[in-house]
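Here is the structure we will look at.
All chains are identified by letter, namely A, B, C, D, E and F, in their written order; residue positions are counted from 1 within each chain.
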Amino acid sequence: MQKSKIVSFGEIMMRLSAQGFQRLAQAQQFDIHFGGSEANVTTALAHWGVSSAHVTSLPDHALGHKAANYFKQFDLDTSHIAFNGERIGIYFVEKGSGVRPTKVVYDRSHSSFSTAKPQTYPWETILANASWFHITGISPAISETAFLACLEACTLANKLGLKVSIDVGYRSNLWQWGKSPSEIMPQLVALAHTIVCSSWDSAAMFGLGEPGQNFAEICALLYKRFPNLQQILTTTRTQLSASHNQLTGHLWQASTGQVLDSPTIDIPDIVDRIGGGDAFMAGYIYGVVKQMPAAQALHFAVAASVLKHTIEGDINQVSVAEVQNLVQGDASGRLNR
Amino acid sequence: MQKSKIVSFGEIMMRLSAQGFQRLAQAQQFDIHFGGSEANVTTALAHWGVSSAHVTSLPDHALGHKAANYFKQFDLDTSHIAFNGERIGIYFVEKGSGVRPTKVVYDRSHSSFSTAKPQTYPWETILANASWFHITGISPAISETAFLACLEACTLANKLGLKVSIDVGYRSNLWQWGKSPSEIMPQLVALAHTIVCSSWDSAAMFGLGEPGQNFAEICALLYKRFPNLQQILTTTRTQLSASHNQLTGHLWQASTGQVLDSPTIDIPDIVDRIGGGDAFMAGYIYGVVKQMPAAQALHFAVAASVLKHTIEGDINQVSVAEVQNLVQGDASGRLNR
Amino acid sequence: MQKSKIVSFGEIMMRLSAQGFQRLAQAQQFDIHFGGSEANVTTALAHWGVSSAHVTSLPDHALGHKAANYFKQFDLDTSHIAFNGERIGIYFVEKGSGVRPTKVVYDRSHSSFSTAKPQTYPWETILANASWFHITGISPAISETAFLACLEACTLANKLGLKVSIDVGYRSNLWQWGKSPSEIMPQLVALAHTIVCSSWDSAAMFGLGEPGQNFAEICALLYKRFPNLQQILTTTRTQLSASHNQLTGHLWQASTGQVLDSPTIDIPDIVDRIGGGDAFMAGYIYGVVKQMPAAQALHFAVAASVLKHTIEGDINQVSVAEVQNLVQGDASGRLNR
Amino acid sequence: MQKSKIVSFGEIMMRLSAQGFQRLAQAQQFDIHFGGSEANVTTALAHWGVSSAHVTSLPDHALGHKAANYFKQFDLDTSHIAFNGERIGIYFVEKGSGVRPTKVVYDRSHSSFSTAKPQTYPWETILANASWFHITGISPAISETAFLACLEACTLANKLGLKVSIDVGYRSNLWQWGKSPSEIMPQLVALAHTIVCSSWDSAAMFGLGEPGQNFAEICALLYKRFPNLQQILTTTRTQLSASHNQLTGHLWQASTGQVLDSPTIDIPDIVDRIGGGDAFMAGYIYGVVKQMPAAQALHFAVAASVLKHTIEGDINQVSVAEVQNLVQGDASGRLNR
Amino acid sequence: MQKSKIVSFGEIMMRLSAQGFQRLAQAQQFDIHFGGSEANVTTALAHWGVSSAHVTSLPDHALGHKAANYFKQFDLDTSHIAFNGERIGIYFVEKGSGVRPTKVVYDRSHSSFSTAKPQTYPWETILANASWFHITGISPAISETAFLACLEACTLANKLGLKVSIDVGYRSNLWQWGKSPSEIMPQLVALAHTIVCSSWDSAAMFGLGEPGQNFAEICALLYKRFPNLQQILTTTRTQLSASHNQLTGHLWQASTGQVLDSPTIDIPDIVDRIGGGDAFMAGYIYGVVKQMPAAQALHFAVAASVLKHTIEGDINQVSVAEVQNLVQGDASGRLNR
Amino acid sequence: MQKSKIVSFGEIMMRLSAQGFQRLAQAQQFDIHFGGSEANVTTALAHWGVSSAHVTSLPDHALGHKAANYFKQFDLDTSHIAFNGERIGIYFVEKGSGVRPTKVVYDRSHSSFSTAKPQTYPWETILANASWFHITGISPAISETAFLACLEACTLANKLGLKVSIDVGYRSNLWQWGKSPSEIMPQLVALAHTIVCSSWDSAAMFGLGEPGQNFAEICALLYKRFPNLQQILTTTRTQLSASHNQLTGHLWQASTGQVLDSPTIDIPDIVDRIGGGDAFMAGYIYGVVKQMPAAQALHFAVAASVLKHTIEGDINQVSVAEVQNLVQGDASGRLNR
């Protein structure tokens, strides 16, 4: 039971969404949500009863505290959130339908997270009771200070024997601070135990493989370069329309050298697909923490991600029982009286 | 034209729904609707021009009167609603989407309907001009007093020559008052002329047949036990997702001993499926009242039910012409200028 | 660059819509939009950067000015809108879903547009810098004065060498002012260069061909009667449900005597189909203005129309780049970060 | 108990209101209410348990029936509403605040009420069980047919021994049909027993007295001209701002030749003042029906009117007990647990 | 710093409010808030940085957890909330304006709090680190089990040397469980150190003094009866209208035998007065905890209460700095840029 | 008629407001408005029919264009708005009530306006047809580049003979770019013809006079320092509460050396006070443009400002007739039918 906390580090943003299917140009009101790729993972875990904490920086004003307070309802430990800097990053969303995609306008530059000094975070204290540390490829892409904080935390986590996971997902609109991902990401992935990495990510960030290449081959290349890796995950998403996708999960394990494929689950009538990847990561960590067999953890991860698509906002507000129900094959949406 | 009124008896509840696809945990507002399985039937009939009344008990405060007044807009006769007791039953709904089901939280215990004494209702007066009396298996499941009122009313209705219909639908979360359905329901069904009863209901309530057994066989068993029965109805619902179902109606008639099957109608893009079964019952009664041939009445019932799935709230706010249009095969949703 | 303005003439109405999937009978609020078949065309063009103006009459009160001001955000030239008469036409909309169609209740009689005298509009000035003049079959159906204004404008446009386009679409609920379309529409179409005309329109308005007849044959008949015509357009709409259609465009050209067919595009999850035909017309004019080859202009028109179905309100608030993306085959609705 | 129904006749309009304190120019939604000066009176009475009916014409479409159904929740008898004509009159409202007044834009011309033929209404049947008939000066101002219906009904009511009341309130924006109020109103007032008439009305409609003249003098002049009159009522409204008024009622009785003045009641924080005059009329009729002494009926009328200012919409949705509470002097707004 | 936690015990209810100034009869949506007289006190304290916990019972379903999670955003310790029973108490609110009072409809019977057994709460553990225990006169009025839990907790708190405060406020619509307040409340007040008690409460609950009697006299009577008491508080509320009150605080201290009066603060433009009394209690406890002089603590309490009237919902979401600003006399509402 | 355009220069921000009286911490939605102190002035003028343009920089994305398009409905010339930089400044607002002030959280750093290079704006072209140029003390406080653009524009305007007005209003939360206002503002005011400047501004920005000093004395000091000045304006605002202010205008003229005082106008029931000062400036410019006598222009300015307090959003959406009505003394808020 000791040292069992899952800790994540990354930016929390305010999400302002046009209502219904309005475009940003039409919006008269914005719905307010909060999220962040890393916080979405630990918040789902906390909501599922796994002790979890998130670390970030937010401005010390009404909106910064609103953001931090938002996560308390899910039992996420927010005691390591630092209040400094000037602003909370914002992103504006309009929901697509049919052939029209969902669109995002980012306004995240100069955020408290991006300007916070690495020494803001007392990692020794933060990681003292932790068993797992999670980041993504977004944080090192934001600013040099954010990268340095990631590096310090991952190094310490490694040294303390925590599992380190990184969702490396490449975002081409970031990486403005002077370094390319291929200069930076290998330093972090070398410290990781579990990563989420597609062939597109692998090619863009590490120059390994080709976009679209067979995942098992990609994993072999990654493992050769980063022998610390024990698991590599990715998903295949078939996009029939903005409102209808299909999702399959893939898991490579160093222990077997094999790739497991989950069942493909249909996702009709998507309500909100933002946070779907984070729900997959959270589901997988949940499976590992609960010592599920690998295939079951992968299936749980995909089902959790699919259910996230039916929930408004970044946070996967579904229960473990609901995920298990879908894992057991009930996708009927039958009325629960 | 005399003694032509359709009368129903049962609880009216306030339905509080989370907005859009929000979960109850996310809701900041509730939309307010009113409904009840039996009142939904007579309200649809009243809305379609068939003289109808509903009998129930509601608390004598702002919300009880709000509930009663709500039904007046549909021309339902509410003059026999009694005001007594302490509270109106409430149910809370969150709408599902895709693989996530719609969920209901009930808060109906201790309602005015459940506590009202049987003598609250002057059945001689109420049924004086009626030709049909309708209840469901929900009312006797709520409380002993509600059961006794049902029994008294059905007995009198039978004596007065009214047709008595019962939608026996078994609700496992009720029946808390000390008796099992198999002790109670036979007393009522013995008085009925028309019932809605699936193989699951038959097995659970009467110990007749197996869940999923062939409907004609179930009907034979039911008829043997309840020789008063003239019609037995049920529907087959294929649940592709929370948002996409398919519906077929089935009608057994004592006069032929045969089961008629309606065409199967596709229900894409479900707006609100609560009340779908009640719309089926209302549609069938409408067909009988209008002296449609049996197959046509059944088809009308299914079409009415399908259209209900496109309407917010419990009440089937569609016109007879709209149902007829669907019966005639136009499911195209073509714009009506 | 000279004389390049696209000018349209027709009624602007206030559209009051029930929210979500509520019926008009259920509505507690109306959402407010403005639109008109002809203004929808030029507003899309203005929004796409093509200099465009719309001409109409509106009442000189808060709602008339609200209507006119609404279009300024799209850079439509509203300087020729006249303020006179008593009221703005209104139409009330409830959105259908699945098997239930969208319904419209019109309240457009006695509008400023219908009562404005033909001399209200200084056509010499209005058309001075124009290259294209667009009307529909709705305006001459509204009132004699509206017809006379159309006739005067088309005649002058023809004389000045403008291209004249008419979407002849027959509306059976109009034409109340004493003349039948077959007495009136030929006078206008004789002046047109481009029309949108289905076999149903052709049969109803000109007595040419049969409803449902092969489009090439219809075009041959129309061309024989109206030898001025250079292009005839129409669409085929397959209506799977109120929420799911498919659309194909067809273009006949006098220069070839042949009919081109666009690819068929699927339209799942329709948000709002009103204005879809106007978006097709706007797309085609855009293609011609930008000197696209005919097949490409037709494809652009269909794609523009399909995207309109994903937008709330009458106006096609999508960008040229978004239409081009769909023309290039991306209907995946992939998230745009 | 016989012949005790209160019957009113007049136009019912759909009221579309900008939300909060938005101007019409800013509105994105309209709140929907229904009302009409005469219907507001009988609806309040029905809501207070006095058997009442309203007579009007509405269009036979979704909005006409929505209007009629709206009043059923208040137990108003709507069985004499005729469905004919083309449209329901609409008025658009923006709520003022402080120094900015509430504004109304009318769109009521060509309504079903204004075009209905006098023979639409079977007055013999309608008035058969009535004891009181109420109209206002608005109906005869709308159209000749509406005037003729008023005249026929008042004449018959008089003949049948009903009390006839007229709120003569002059509306300068009406009277477009060719006659001036002074040609018309005397014919109706000659048939009345009770009128509401200020010095401004008297001067404008009958050429009697001066605007602002002492009310007792006005009453003397009116009585001399219309010796049938038994009661003349008016109110004095002090307008401190759009949100703060004060109201006093005045009642002249033929039996005494004296004017009674009610206490002045303060109206801070006005929520909605439309319908305030109708609430005064309803309150007075209620007092008479309940055989209150004249001063008490007047006080009840003023208190009812004051409470109406705290209610959204045209209808005075307060209880008799609430009015009585204010009559007894409790204007404290003390929380009712 | 040890044993410094403030602990409260009492029912948490879901509050469902009609929007704006709508009556319950008009509401189409309810706004959702949570509150409870005792939880409101500790939640304000937690929000102000004083370590605080609340103890209650809630049902173990979506709404019970929603209620508990709601308070986490304010840093209230909810770890002692028990999940049992069937329902969460609900109260429905319509906001008054001007002469129309705010009205409440309670639906709290049979709640989890009312049915929870006294042994539900491990008081030894709960009070282990506490310095202050707070209840109100509502809990013992709800049920015998709730009274017994209060008695057990107060007795233990007394034994452990905690300060015990009771807001005795008499609610005439409670006390249905078989005992009168005068049989019950003295047992609790005998254990209290600080109470809020008006002359009305004193007369109704203890038979001491007369309603409206001088507060110092009341305090003398109470002190004689309950010699444990160190402080007695009350407020004087002048109710000019539902939207405009004035508030003065009064504090009697055993140490001086004198009554201190706070300045009277004007409360124009009330947004929501529910929870105003709880805010007063919280303010006073804050003052004591922060060791303010008595007059200053009283002034802080009144200012906190006044500010609560400007906040939607039961919780006093203002900062200490904002209260201090009002204490220092700035009631100008000057814009804070 | 030539060179008559009023031109303003300054930042346009997106304003996101909590709804009703919610605090930012409570908000679930933000209402979206756009405004800026300088744009508010010219937008009011354009709305009143005075040819006006605004110059600014906005980001070239959906929100930047949304902002620019917003102003087109008011007929403001936006053709000189430049699209560059990364973000639009945002400010978040919660509306106060009674003793609780309205609060603003700014998030305007790094906006397109603040980073735009001075050469962004082709002042020769922009000012070619202008007669008046208006800025405020906010722009030079934002960044050095914004100051340099102001300086260049004011210098050119002066050279071209335009009137230059500056609302010098000191904002202590700006001026972060390295210079103090006293180093910067004198360079601009030396080029001005008309300024708005209180004694607080004068003391803070120019070291002239004392806060609260007699306005005539302040004007004398300012005139001595800036002999170009022809008019100095200010207002006295009495703040009774967040919802109730009173406003008086003051105008010093070089031609007389005297200060004129406007009547004091009461502002009860404030809807939105942001933009009140800009409405005063716009009103004064309108008076000058329309060649009103000075006292009348001043009265018009105050009345315009008072009316702005009744309007949601930054823009003074009232008509000239409405301002004139208030100037003529009608503050009764009498219903306009």
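FYI, a residue touches a chain if its C-beta (ideal position, glycine included) is under 8 Å from a C-beta of that chain, and two chains touch if they have at least 3 such contacts.
On a predicted model such as this, the values are computed, not experimentally measured, just so you know.
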If I list every residue number at the interface of chain A and chain E, are over half of them used by both copies, so same, or under half, so different?
same
Can you tell me which pair among C-D, D-F or A-E shares over half of its residue-numbered contact pairs with A-B?
D-F
Chain whose average C-alpha position is farthest from chain C's own:
E
Which chain has its C-alpha centroid farthest away from the centroid of chain F?
B
Which whole number of Å gives the spacing of the CA centres of chain B and chain E?
45
Which chain C residues sit where two or more other chains touch them?
23, 25, 28, 69, 103
So which chains end up touching which?
A-B, A-C, A-E, A-F, B-C, B-D, B-E, C-D, C-F, D-E, D-F, E-F
Interface residues, chain F side, partner chain D - complex
265-271, 306-307, 309-313, 317-318, 322, 326, 331-337
Sites on chain D touched by chain C in the complex:
16, 19, 23-25, 27-32, 61-63, 65-66, 69, 86-88, 90, 92, 94, 103, 105, 107, 109-110
Hey, which residues of chain C end up touching chain F in the complex?
69-70, 72-75
What part of chain A is in contact with chain C in the complex they form?
20-23, 25-26, 96-104, 106, 171, 173, 239-244, 273-274
